[in-house]
Amino acid sequence: MPETLVFYLLSGIAIVASALVIGQRNPMYSVLLIIASFGALAGLYIQLDAPFVAVAQIIIYAGAIMVLFLFVVMLLNAPQEDAADWDRTHPLRRPAIARFGSLLALLLVVQLAWALIRAGGLDAPVAAGAGGAEIGSVRALGRVLFTEYVFAFEATSVLILVAMVGAVVLARREGES
Amino acid sequence: MIPLGHYLFVSAVLFAIGTAGVFMRRNLITILLSIEIMLNAVNLTFVAFGRQLGTVDGQIIVFFVMTVAAAEAAVGLAIVIALFRHRESLNPDAFTSLKW
Amino acid sequence: MDLRLLVQLGIIGFTFFMLINASALLVYAERKVMGFMQQRYGPYRVGPHGLLQPLADILKLLMKEELTPKGADRWLFTLAPILAVTAAFAAFATVPFGAETTLFGLLDEPVKLGVSDINVGVLVVFAITSMGVYGIVLAGWSSNSKYSLLGGLRSAAQMISYELSYATALSAVILLAGSLSLRETVDAQAGYWFGFIPRWYVFLQPVGFIIYMIAAVAETNRAPFDFPEAEQELVAGYNTEYSSVRFALFPQAEYINMTTAAAVATDLYLGGWHGPFLPPEYGWIWFLLKVGAILFAYIWVRWTVPRYRYDQLMQFGWKWLFPASVINLIVTAALVLYLNA
Amino acid sequence: MLALIPLFPLLGFLVNASFGRRLSKNLSGSLASAVMVASFVVSVMAVVDLAGLPAGERAIEQTVYTWIASGDFVLDLTFRVDPLAAVMILIVSGIGALIHIYSTAYMHEESDREYARYFSYLNLFAAFMLVLVLGANFLVLFVGWEGVGLCSYLLIGFWFRKKSASDAGKKAFVVNRIGDYAFVLGVLLLFVRFGSLDFQRLAGLVSAMPAEEGVFGVISIATLLLFIGATGKSAQIPLYVWLPDAMEGPTPVSALIHAATMVTAGVYMIGRNAVLFSHAPETMMVVAVIGALTALMAATIGLVQNDIKRVLAYSTVSQLGLMFLAMGVGAFGAGIFHLYTHAFFKALLFLGSGAVIHALHGEQDIRHMGGLKRYLPTTYWTFLIGSLAIAGVPFLSGFFSKDEILYETFHEGHTLLWLMAAVTSLLTATYMFRLVFLTFHGERRHDGAGHLHDAPPAMAIVLVILAVGSALAGYVGIPHALGGHHQLAAWLAPSFQPPGSAEGIEAAAEAPAVELTLMAVSSAIAIGGILLASFIWLRRRELADALSRRFAAIYTLLLNKYFVDEIYDAAVVHPIQHGSERALWRGFDVAVVDGAVNGAGTIVAEGSGLLRRLQTGSVRAYAGSMFIGVIVILGYYLWR
């Protein structure tokens, strides 16, 4: 079944790439790997009959946000994380907490999987619902976005404006007019 | 066809990776990236459920999440730049003066 | 394997081949046009009228030594040109270049001239174009050279800034066509107003077309917006440290990107393969002509207009081009709403 | 409309207290007086309205807002005017206004700030007193009750830089607190028993019950407790000790608070709860006895005091005793009548003494006065009218009211009490004229050089008005025996009846002969007392000294006020002081209270010191704790 194969391939890429993102000391690699992960996710969105989301994922995440990250990494000429520079003055800052954190993350996976198993009814194929063409069309999306969610949409525009102003103010050097 | 549960499981794993990243990395930029991973994991859940239920609402919410993520990245990176100017470091443990 | 699939694969291969050729051809054309503009001949020795000059260039580059600077990030240093050229090729994937055809009766059902046809084609082009920046940025960073790094940074900022105007200008056309599919957009431009003016969107969107062209020049990092590789300032910008094949891939990507931008402009604004005198079967000839004209304009601009200053570029992009494109979009939207209602 | 009556002085207080230091004397003084006049005008309007109602339904109520609403218990901030309250608001606002006007001249030597402070206190006092008399339930009354106590403290200690003044203020406050404590207990007892604090409802509930036998009934105990509160406020045995000391305050304050209004609060309170007290005969007996004893004792002390204001203070205590006697024998109308006339002449006397002190630049000892008649004619004549009135000389106001008390006491069969009251009357006439003769007659013993000026116009006008009042105020209550109708008694009567039982209360005018006889006797007593005084202190000055030498022990006893202050000091104050210092301060406060407080502080500080180690400032540590929380909560819901 090619479809299943593609699914496993894409989710494999997403998971592995994500895992490598947090396994990297070099932020540059992390950014590139996360782009790969997002690309794989975009593929999954296409599989879920959401091509517009997939394209938006590429444009916004890969094309804009990650370029911004990359830009900052380059601008700061960000150093690699130093491995041995553990601050040992505080018990909560020992390396143990990092290991503890990953243990917790593992626990979270177990819990979520458990919750999924308990929930049941998840074996139904995801595309069993209404026709994919309908919900995939940009027209339908736009109609809902600008009617039902119009207030949220407008609020989002304000959010973006605020974020923009905030970013400019924060990143400006003191004394610059 | 792929069951819904598979998507949700992938999403759960991605989310956990994101949380683990927040703890394991000592680089503000990577931590922000980990948060992006978590957001994307949630996005996947939304799209999968939306497909399952045959509505577009899931996708709409994803758009909003993306917008928020963009805003967050902009402000977060601005803060990172400001912090780096002060301390020449991106280690979150270097910025612990806000306590007591 | 049925014939249809074979034909489809043939089209893909043909497109790929044409794009590679296009870059070679563009190198030649650029030098030739430059020569004429500077009142000289340009390449003349290799082949008749120097036609084989690009081939010679390629051979020369292939035979050069592959250098990797000390302290460079080996992986990314190699990955960067590959990414750049891959994105360039991929961007062309959803660009159609001809009407449906049965290849002179060879096929029972007509086949569409184009690599693929999906309903959000414009967005895909846009998405993949926006990925192109990674090649340049990574090249700049991985070279471990200050000129490269500055070139990469400039490129990132410049491309993000002009992407906005680019996308906003495209949105106006999408509104007019009512579709995100490039093929449907082209078909919406068939026919004439008053019997003699072609129904091209360039006549409805003159401002949008100009904005698109300016933004496209910036996106492809060409003069007068060629800051990422400004020789006088940054030696050669992001590709300073490159040599041989890896170096060759960057101009390759740039010329393919130019071609793509020209093709998209043709599809969106100039009616694609629709034109008078020729039957629809031969519409691709119109298409090639239009693309060629736009590419000529590219080269023409490059050798005519001097380079800006970097802050002027950013000011122009954010304070003039982007507001203009937004106003254009709003006016278009209002008119579409008014006329459709 | 009723709310306006206390609201005017309250506004005056707020303005004077807030901006007083920036106002000129004229402005703050006239403002304070103006609000009182306004209050008086509103009071008159209210009383006119009230008089327009039929006799049985005379009550106007205004609920300002619901103060307490707790379950079934609802308590409104309600003002109510009935005949009794009508008399009181007229006295308080009317006399109060006069004293304000008087004060503008009297206090004129104070600085701007002090002047404004004085008037703000005075306004506040008037506001609280009006709240007290207008309150329709015990709690509102208590607000006024406490408020006037506070103002009394502030005004007695007005010259707080003088130690004796601030001490006197504290004494007044503390002694009042003792009474207030009992008062609160009484109120709570009533509330527990009857579930209501409204005067009318209480009266209605109690009137349905038979009169209580013995002193251990709820009503008896409650009324006794209320009476103890009244002894504090109205200066009766055993809590009268603060009033003479209260003379440390400015003289107009003494006139307003310690003669005309505040000290009458206890009398008013008993009158207000006449039905309640009527149902506790034992309490009534106690009230009467205490009243008579206080009257007699204060009169004897007044006989030998040398401070002009102290004499008047003891006179006040004595007259209040007479009022309580009237209340105790059930002659509520007579008690209030005397309260009303007393307000005029005692205010007059205090203000007259104030004029004397003012003229002599603060001299208060009557031994250093004398012969002032010539220099202060207005003061002398008005003071004389006041003295005649208080002595009970026929056809002046004091005659009618005092005579009514004596008659009622005799009529109710309390012959012994009547005798005590009669002796008190005699003594009253004597010591008042001792005062008059020593101050105004004889040779001048004041060595202060310079011109002695009579009262300035603002003071003189007030004195004249009050003198007229002292002379004529009694004519609203001409007894039936003299062919009058006693309008005041008829007017007040409904206030002392349970609500809704207001039949014709035309007093049985039996045996006018007895009343006429008693009247003659008391007139004789008054004139005899005056003659005695003139004999001793005007004709034979040496006789006074001879008498004091002859009865040196008694004289010393009286001069030192029966050593009551000293006894209290030894019996109460000293043990409390020592106990407080040893056991409570060093033992309990330092060890237990401070220990607990400091201990709590130490625990918190140490605990915080431990907990703040969690506050690393590291974002990741915070995120970690949040994450742990998520895991735990999620786990809990999964496990469940």
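Letters A, B, C and D mark the chains as written, and numbering starts fresh at 1 in each.
As a working rule, a contact is a pair of C-beta atoms (placed from the backbone, for glycine too) under 8 Å apart; a residue touches a chain by one contact, two chains touch by 3 or more.
Computed from a predicted model, the values in this text were never measured in an experiment.
With contact taken as defined at the outset, there is no chain that touches chain A as well as chain C. The most centrally placed chain, judged by C-alpha centroids, is B. Chain B and chain C, compared by their mean Cα positions, are separated by 33 Å. Distance between chain centres (mean CA atoms), chain A to chain D: 81 Å. We define each chain's centre as the mean of its Cα atoms; on that basis chain A and chain B are separated by 5 Å.
Between the CA-based centres of chain B and chain D the separation comes to 77 Å, rounded to the whole angstrom. Residues of chain D found to touch two or more other chains are 616, 618, 620, 624, 627. Counting partners per residue, chain A has 52, 56, 64, 68, 73, 75, 93, 97, 100-101, 104, 108 as the residues that reach two or more other chains. By the contact rule set out at the top, the touching chain pairs are A-B, A-C, A-D, B-D. Interface residues of chain A, counted against chain C in their complex, comprise 28, 32, 35, 51-52, 55-56, 58-59, 62-64, 67-68, 70-71, 73-75, 77, 137-138.
The part of chain D that touches chain B in the complex is made up of residues 612, 615-620, 623-624, 627. Across the complex, chain C meets chain A through its residues 73, 76, 118-120, 123-124, 126-128, 130-131, 133-134, 137-138, 140-141, 149, 152-153, 156-157, 159-160, 163, 167, 180. Remark: chain B residues 19, 22-23, 31, 92-93, 95-100 touch chain D in the complex. Residues 613-614, 616, 618, 620-621, 624, 627-628, 630-631, 634-635, 638 of chain D are the ones touching chain A in the complex.
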